[in-house]
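In the two complexes that follow, chain A is the common piece, with chain B as its partner first and chain C second.
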Partner chain A sequence: MMFEVLQIVVPILTVAAAIVAVYFRDLLSATIALAAMSLLLSMEFYILQAPDVAIAEAGVGACLTTAILIFSIKATKRMEDEK
Partner chain B sequence: MIEVFIISAAVILISIALAFIRLIIGPTIPDRIVGLDTINTLVIVGMILFGAAFKESIYIDVAIVYALLSFVTTMLVAKYLEGGRM
Partner chain C sequence: MDETSKIIKTVSSVMFPFVTIYGLYVILHGHLTPGGGFQGGAIVASGCALLVVAFGSDAIAKRVKESQLSLLESIGALGFISLAFVGIATTFFYNSLAGTKFLFGRIPPYGSNPGYLSSGGLLPLMNLAVGTKVIAGLFAIVLILAIATRKKGGRSK
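For the complex of A and B:
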């Protein structure tokens, strides 16, 4: 029963993190929300008993992508323009 | 014996939800990054808990590698907020 609850709650948190990452105007906050989304997706792979996929997702998504995005925010500007 | 793991997983899941709320509504960047770091630690605890519940040692290895990798995001955001060269 507990695994069904986990299978419901963890994807809901993942989708919520993705939606929040889209709607943030501050790009640094959006990057942090994207890291949280990748982290929760890794947790979902882990619950589905695929630990090798989870380790690849954690290494690439939560570490490398966030690092590259923060370097690019540092090189450009932080706030997205309001239209 | 399995009830112990179920109760622990429920507590960790509630904690992840609370830290996630702080990550969403946090007014400043340090609030959000502390929330993300808390979620990192709680996910590592959850992975080790699953490894103990399923009695599989490969899950513990995944948790170790993730604990080694997860500090990079927090460190880079801290370096960004500090300013200067990265």
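For the complex of A and C:
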């Protein structure tokens, strides 16, 4: 019962986090939303019986990509320009 | 370059040993539990990236040089290849799990996950080599990116 609820809730939250990451104007907030999407995606991998991929996704997707994007934001601009 | 707050520095200092220990656990138990050299190395490199984000690239670049990381990465690759040559008498990548009592060559008992740490043949050593290479490579990527973006960040503001 628990896993059926999780299998419905976690993909919805993943897609919601991805949509939120697209619509943010503040790029730092978008980066954090992308990290949350990656963490939820790793939880989805774990639910689908792939813990190996889940560890790799949590380490690379949620941590290292976020650090690299934060450095990129620090070198450029934080807010996305509206035209 | 603007400094991060004291909360971020303290939390990063507290979290870093636990992240490192967990990553080393994933590397060392790579032949028993989910995970392995790449996953554990990515976890340890995430802890190092946490330090780089919290303390800035200047403080980290004083302690760790890029040439040292490059050397460590080469040691990992050479260790993996030379471990593959251990079983050259029979086949390349020979698994000493099957019969010979060379290094960790004990046949594990049947059953669901007997959990013997020294039961993987040469695979724990190969996981260590891959983990060393992944730690050094990913940490070098993050550190070089932090050093390269440091100068432009001060100028554009």
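The definition used in the following text is that the second predicted complex is superposed on the first by the 83 of 83 C-alpha atoms of A that agree within 3 Å, B and C clash if a C-alpha of one lies under 4 Å from a C-alpha of the other, contacts with A are read in each partner's own complex, and residues count from 1 in each chain.
Everything that follows uses one rule, which is that a contact is a pair of C-beta atoms (placed from the backbone, for glycine too) under 8 Å apart; a residue touches a chain by one contact, two chains touch by 3 or more.
Here the structure is a predicted model, which is why all the values come from computation and not from measurement.
Undergrad: Have a look at where A:9 lands relative to chain B and chain C in the superposition and call it first, second, both or neither.
TA: A:9: touches chain B, not chain C.
Undergrad: Which touches a greater number of chain A residues, chain B or chain C?
TA: B
Undergrad: Looking at the overlay, what does A:56 touch: chain B (first), chain C (second), both, or neither?
TA: In the superposition, A:56 touches chain C alone.
Undergrad: Where does A:41 make contact in the superposed view: on chain B (first), on chain C (second), on both, or on neither?
TA: neither
Undergrad: A:20 contacts which: chain B (first), chain C (second), both, neither?
TA: Touch status of A:20: first partner only.
Undergrad: Considering only touches as defined above, state whether A:30 meets chain B (first), chain C (second), both or neither.
TA: A:30: touches no partner chain.
Undergrad: After the superposition on A, what does A:72 contact: first (chain B), second (chain C), both or neither?
TA: In the superposed model, A:72 contacts chain C only, not chain B.
Undergrad: Residues on chain A in contact with chain B in one complex and with chain C in the other?
TA: Common interface on chain A, chain B vs chain C: 51, 54-55, 59, 63, 67, 70-71, 74.
Undergrad: Going by the contact rule at the top, pick out the chain A residues touching chain B in the complex.
TA: Its residues touching chain B are 2, 5-6, 9-10, 13, 16-17, 20, 26, 28-29, 32-33, 35-36, 39-40, 42-43, 46-47, 49, 51, 54-55, 58-59, 62-63, 66-67, 70-71, 73-74.
Undergrad: Show which residues of chain A lie in contact with chain C when the two form their complex.
TA: For this pair, the touching residues of chain A are 51-52, 54-56, 59-60, 63-64, 67-68, 70-72, 74-77.
Undergrad: Mind listing the chain C positions that touch chain A in their complex?
TA: Listed in rising order, the residues of chain C that touch chain A are 26, 34-36, 38-39, 42-43, 45-46, 49-50, 52-53, 138, 141-142, 145-146, 149, 152-153, 156.
Undergrad: Going by the contact rule set out above, which residues of chain B touch chain A in the complex?
TA: Touch residues, chain B against chain A: 6, 9-10, 13, 16-17, 20, 23-24, 29, 32-33, 35-36, 39-40, 43, 46-47, 50, 54, 58-59, 61-62, 65-66, 69-70, 72-73, 76-77, 80, 86.
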